[in-house]
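Chains here go by letter, A, B, C, D and E, matching the order in which they are written, and residues are numbered from 1 within each.
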Amino acid sequence: MIIPLEHVLLFSLILFAIGMVGVLTRRNAIGILISIELLLNAVNVNLVCFSRVSEDPMAGQMFAFFVIALAAAAAAVGLAIVVAIYRTRNTVQTDEIQLLKW
Amino acid sequence: MPQLEFLIKCGVYGLMGLGIIAAVGAVLLPNLFHAGLALAFVLVTIAGIFMSVGAEFLGMVQILLYVGGVMTLIIYTIMLTGRLGAKDVRAQNRQGIFAAIAAGFFVCWIGPLILKTGAWPQRESDSAPPLLSVEDLGMSLMTEYVFPFEVLGVLLFAVLIGAIVIARQDRPS
Amino acid sequence: MDQMFVNIKAALVGLSDKVFPDWVGVLVSIAVSIVAIALLGPLIMMYLTLIERKVVARMQNRIGPNRVGKYGLLQPLADGVKMLIKEDIVPRNADKVLHLLAPILIVAPALLVFAVLPFGRNMTAVDLNVGILFFAAISSIGTIGIFMAAWGSNNKFSVLGGMRSVAQMISYEIPMVMSVVPVLLAVGSLSTNAIVEAQADWHWFVFTPWGFLGCVIFFLCGVAECNRSPFDLAEAESEIIAGFHTEYSGMKFALFYMAEFMSAFTISGMTTTLFLGGWQGPLLPSWLWFFLKTYGLIFIMLWFRATLPRLRVDQLMALAWKFLLPLSLVNIVATCIWHFLSDEAFFTPAAFLVPLALLVFSYWGLMKLNQPYMPEKRVYPLVD
Amino acid sequence: MFFGLGILRGMNITLMNFIRSYTRKRGSGEIGALTTVQYPEERLPEKEKFRNFPFLIYDDKPEDLRCVACDICAQDCPPRCIYIVKETDEAGKPMKKPAVFDIDFTVCMNCGICEEVCPFDAIFMDHEFEIADSDRHDKLLYHRDDLLKTNEHFHKIRPNDGREVDTRLAEAKEAKAKKDEARKKAAEAKAAAKAKAEAEKATEAKEDKPPETEKESDPQ
Amino acid sequence: MFEKMRVKTKVIDSGKSGLDTQTLEVNVGPQHPSTHGVFRMTIVLDGEVVKSLRPVMGYLHRNHEQIAENITYSASMPYTDRLDYFNSMSNNQAWAMTVEQLAEVEIPDRAEYIRVIMSELTRLVNHVSVIGFLLNDMGAFFTPTLFAFREREKVLDVFEAVSGSRMMCNYLRFGGVNRDLTDDQLGQIKKIVADFPAFLDEFETLLAQNEIVCMRCQNVGVLPAELAINASITGPMLRASGVNYDIRKVDQYSVYDRFEFKIPLGEKGDVYDRYYVRMLEMRESLKILNQALEQIEPGPFMAPKVPACLKNPRNFKPPVGEAYGRVEAPKGELGFYVVSDGSKEPWRYHVRAPSFINLTVLEAMCIGYKLADAIVILGSIDIVLGEVDR
């Protein structure tokens, strides 16, 4: 490994923290989705770096591969919902979408 | 070639630094379009880190899938939902302080844990495991991980149809 | 003669080894490759504009630029100077940041792809073993640049053009990647060098049925990817003025222009690598073969531009989703049959005919399915 | 019969044009030949009947130009771009020569009507078309001296028109000359007849009243 | 504290789906690469589909009819060249025929034949250029246009040799033509007519069966026959909708009754029919030209100045009355309506411009099609702004 494992883990930790802040503070639904992508990518970095140092390198990369695919799926459905909401509520601000049934 | 090692190390640390700055940008920028582009930059830096660690295939898939696919989706939605960057709309709600405290607590708790545990399964000492080539990934995908691969296929198919049905404009009902 | 450029590079590295410590040699070799590509890209682009104007002119019974320089050879320089002098206008309430970043984000991928093109025997800048995937990934980044250009210029026409061209780029990316899969099946590796080596002594993939169809699909999708002739919807002058680069002028517009022509070269280069045997060729040096084949394909692109009218938006999408994508999937099946039937000999007749029959049948079937787009025969009565 | 055939046939046409542009001679008018004429160096052959802006014609000296300032062309010119002022001799009597003859080339649409209606063959359409200029108002307003051109120039650009006009003028001159002599002869005959009549009257008057004869001087 | 955070939500009637891409009003023209001159269309787009289209004209209005009422009859002949500047010979012929009808002037046969030859040559030039521009709007980067212009140059050289100017011919006079056709000019015309079919075949193989052209043109901008008749459309557009109406056959004016030629009719009246009907019309014109070139024989090319009004061409005062002469111009029925009060200038002078009237159905044809189709449909109507705005 070119750089010691701890540094990469710290990097992904900070990335995860930033993503968490984003999810909690963003008012715009798409902003939240962007932060969720950040979280998933932080996790991916961990997986890949661990696969580099573990006995079974295949597991880490495969897991990261599946995480990327699923993130794409999540983003697709999430954004479809956002578009549907925008069409009916004419807004994507999360704190304006509170009624369970309209 | 220790000097080259040093150069690559600088490169990787540089990438990480840029990644963090871009991530902060993605979270805090008021104009959503700029936030989306900052996220694209984060994804490219992470692909760079993957490649520096030797997972070239994964880095390329990351760029192809994330930057090519998901980013386009995000920007399309931003364009469709139009009224972005409207100055009066506050981008962040008032939970800023609480979120910062929570994240800070999280980092201060986990960070030292990482640093304290010295004995990571360091295989570095004896022999660096052979770089995974695309053939091994392909073979394992088809042999060891074939079940999740097929389930993933079915799932993506369902997502495809679901997204279209949800976002369709001329709803028959 | 064949290894001319490789020897030059080796000499340079040797020169630096004499003076500097050994690790600097590695840096120098990287630097030489980078400088070569950084010069090659714009140079090719400049003279591609001239070649295009001369060839299209000859097809229209006129001569084309011959005033600036001997046969118009200095015309690209004149164009370059003109672009530099032109004032660079930014619309008032446009998004300055996006407006500035967009051309950069479109030119960078176009230039990056040169790294993976095998110009000659061991003359590939970076021999990645995920070469083709690198090509697909980098060419998908260009989409974001078009988004930024469309959204940054804050003008009705450019948003319309931006939406159209992004939809086109995405729907042609998938058949393009799918049409590369048969080559990977036949070669078994993603690296561009391995692909070219596998096509030694006339084993070019274009002579196999699936190879020919794959080449046609890949080339068509490539032409659509860089917004050229029959698919140049994004900058359809006759409709929305110039699509996403309406609000650009001066050097930024020249960057868009450069990106288009460089991606035209890379698409032709990649088609030669994948299907026409890259730099494989009997007598001439390897890099000359590569350039001959690539410029042959570029001639075809110019030929398209001089002859074919433009497709409409919905026909464009229909062609990609309902015609090219199913065809490329069937092409993968045909490659498996070919692989299964051909017992090591490249040109076994059985392995040639069965996939050919399958492909011709599927082509005919798809034509029947897309009936509304087929030209209908008309009878014109001549009455008194 | 299959989807791409029409496109291929169309592309074959442009390819043929591309190849023929090298094989066939430039400007030969065949299907594939090039048609470019490198303008400043090569020029298309000029047609005799080509008409561009008018010019006034004079035979030998620029002063006695054919135009007699009859103002017919000015009235008949559709866009009214000709302005004529007659020349007046010292006594203030207008002469048959234009002092001012302006044609505004920005207004003239070179339709050639002035050439047709001019009874004195004084104005013709020129072949000179490179008259672009920097200023519209005074540079392109041609005055009398800028419009003057010799008869040789007319013959050079329009040979058989020139010949035809010259023959017509020559006949007109002879006809006029003959008419003059006829008139002169008739005048002399009339004068002579009158003189004879005077003479007889004078003789018989002399017999009855001698002094009148000395007054009359014989008409020359 | 949390109360403040709660933002009142606005309930929107969810009947109208929130996200109908708001209709986009786009201004195509007057300064636009493909509107054949200064013509503006205000198009309301819903996404790509044209919702409504409002043509805006008048940018090239030069007060042609008022000018004609202040100058003499023969002085307005050069102005008719500027109406439809693509075919000045048929404009001249229409104006000459109107005044000859007013002043009952007989024209010698040779002048009639020269007029027929010249107007058929302009028909060739016009149709070829129109198809070139139509393909240019569809994106075929100037190749068909330049092929068309290569042939057009030859015909324009003949016009220049005969009349003195390539486009602004001003060649016809009341009672005949300005100058006679010399033999080598006739030879030149024979040569052009001889090798025109070869060019037409090349043009047809380039375009007629081209799949992209068919996809872009077939079933686009359909003009039903009865709408065409009600909107008094004339020319190739009318015949493309299947209505058999050609003034050369209806009026049998000039010497057209001595030639036998056919009239091509379309069936659906879409852009492809309008394109192909023009191709077939060109072949018919070639037939007429061949027959005319055989039947022409030497003779006077200008009527002897017998009738009272033509005694002295300068003060040509036609008798009081009105006249309407019409001609099958390449764009449709070009008519001149003139009312004379016996003086040197016409009292009332009006031009029935085919392009202007053919434009009225542009909106009816474009609704429901895409923006790219609207441009192609405009191209297929074949308008020239000089004639539309007069």
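What we mean here is this: a contact is a pair of C-beta atoms (placed from the backbone, for glycine too) under 8 Å apart; a residue touches a chain by one contact, two chains touch by 3 or more.
As the structure is a computational prediction, the values presented were derived from the model and not from experiment.
A.B. asks: Looking across all chain pairs, point out the one with the most C-beta pairs in contact.
C.D. replies: A-B
A.B. asks: Where the centre of all protein Cα atoms falls, which chain's Cα centre is nearest to that point?
C.D. replies: Per-chain C-alpha centroids compared to the overall one single out C.
A.B. asks: Which integer distance in Å separates the CA centroid of subunit A from that of subunit C?
C.D. replies: Computed from C-alpha means, the inter-chain centre distance equals 34 Å.
A.B. asks: With chain centres taken as the means of their Cα atoms, state the distance from subunit A to subunit E in Å.
C.D. replies: Subunit A and subunit E have C-alpha centres separated by 63 Å.
A.B. asks: For subunit B versus subunit E, what separation do you get between their C-alpha means, in angstrom?
C.D. replies: 62
A.B. asks: Would you kindly tell me how far, in whole Å, the mean C-alpha position of subunit B lies from that of subunit A?
C.D. replies: 7
A.B. asks: Tell me, which residues of subunit A touch at least two other chains?
C.D. replies: Within subunit A, the residues that touch at least two other chains are 83, 86-87, 93, 95.
A.B. asks: Can you list the residues of subunit E that touch 2 or more other chains?
C.D. replies: 5, 17, 19, 143, 147, 150, 206, 209-214
A.B. asks: Two-or-more-chain contact residues of subunit D, please, as numbers and ranges.
C.D. replies: 3, 6-7, 10, 13-14, 17, 35
A.B. asks: Quick check on the complex: what are the subunit D residues that touch subunit C?
C.D. replies: Residues 2-3, 6-7, 10-11, 13-15, 17-18, 21-22, 32-36.
A.B. asks: Inside the complex, what are the residues of subunit A that reach subunit B?
C.D. replies: Where subunit A meets subunit B, its residues are 1-3, 5-11, 13-15, 17-22, 24-28, 30-31, 33-35, 37-38, 41, 44-45, 48-49, 51-55, 57-58, 61-62, 64-66, 68-73, 75-77, 79-84, 86-87, 92-93, 95.
A.B. asks: For a test of understanding, state which residues of subunit C touch subunit E in their complex under the given definition.
C.D. replies: Touch residues, subunit C against subunit E: 56, 59-62, 156-157, 160, 229-230, 232, 236-241, 305-315, 373-376, 378-384.
A.B. asks: Could you list, by residue number, the parts of subunit B that touch subunit A in their complex?
C.D. replies: It comes out as residues 5, 8-9, 12-13, 16, 19-20, 23-24, 26-27, 32, 35-36, 39, 42-43, 46, 49-50, 52-55, 57-58, 61-62, 65-66, 69-70, 73-74, 76-78, 80-81, 84, 89-93, 95-96, 98-100, 102-104, 106-107, 110-111, 114-115, 120-124, 128-129, 132, 136-137, 140-141, 144-145, 148, 152, 155-156, 159-160, 162-164, 166-167, 169.
A.B. asks: Over in the complex, which subunit D residues touch subunit E? Could you list them?
C.D. replies: 3-7, 9-10, 12-14, 17, 29, 31, 35, 47-51, 72, 76-78, 109-113, 116-117, 125
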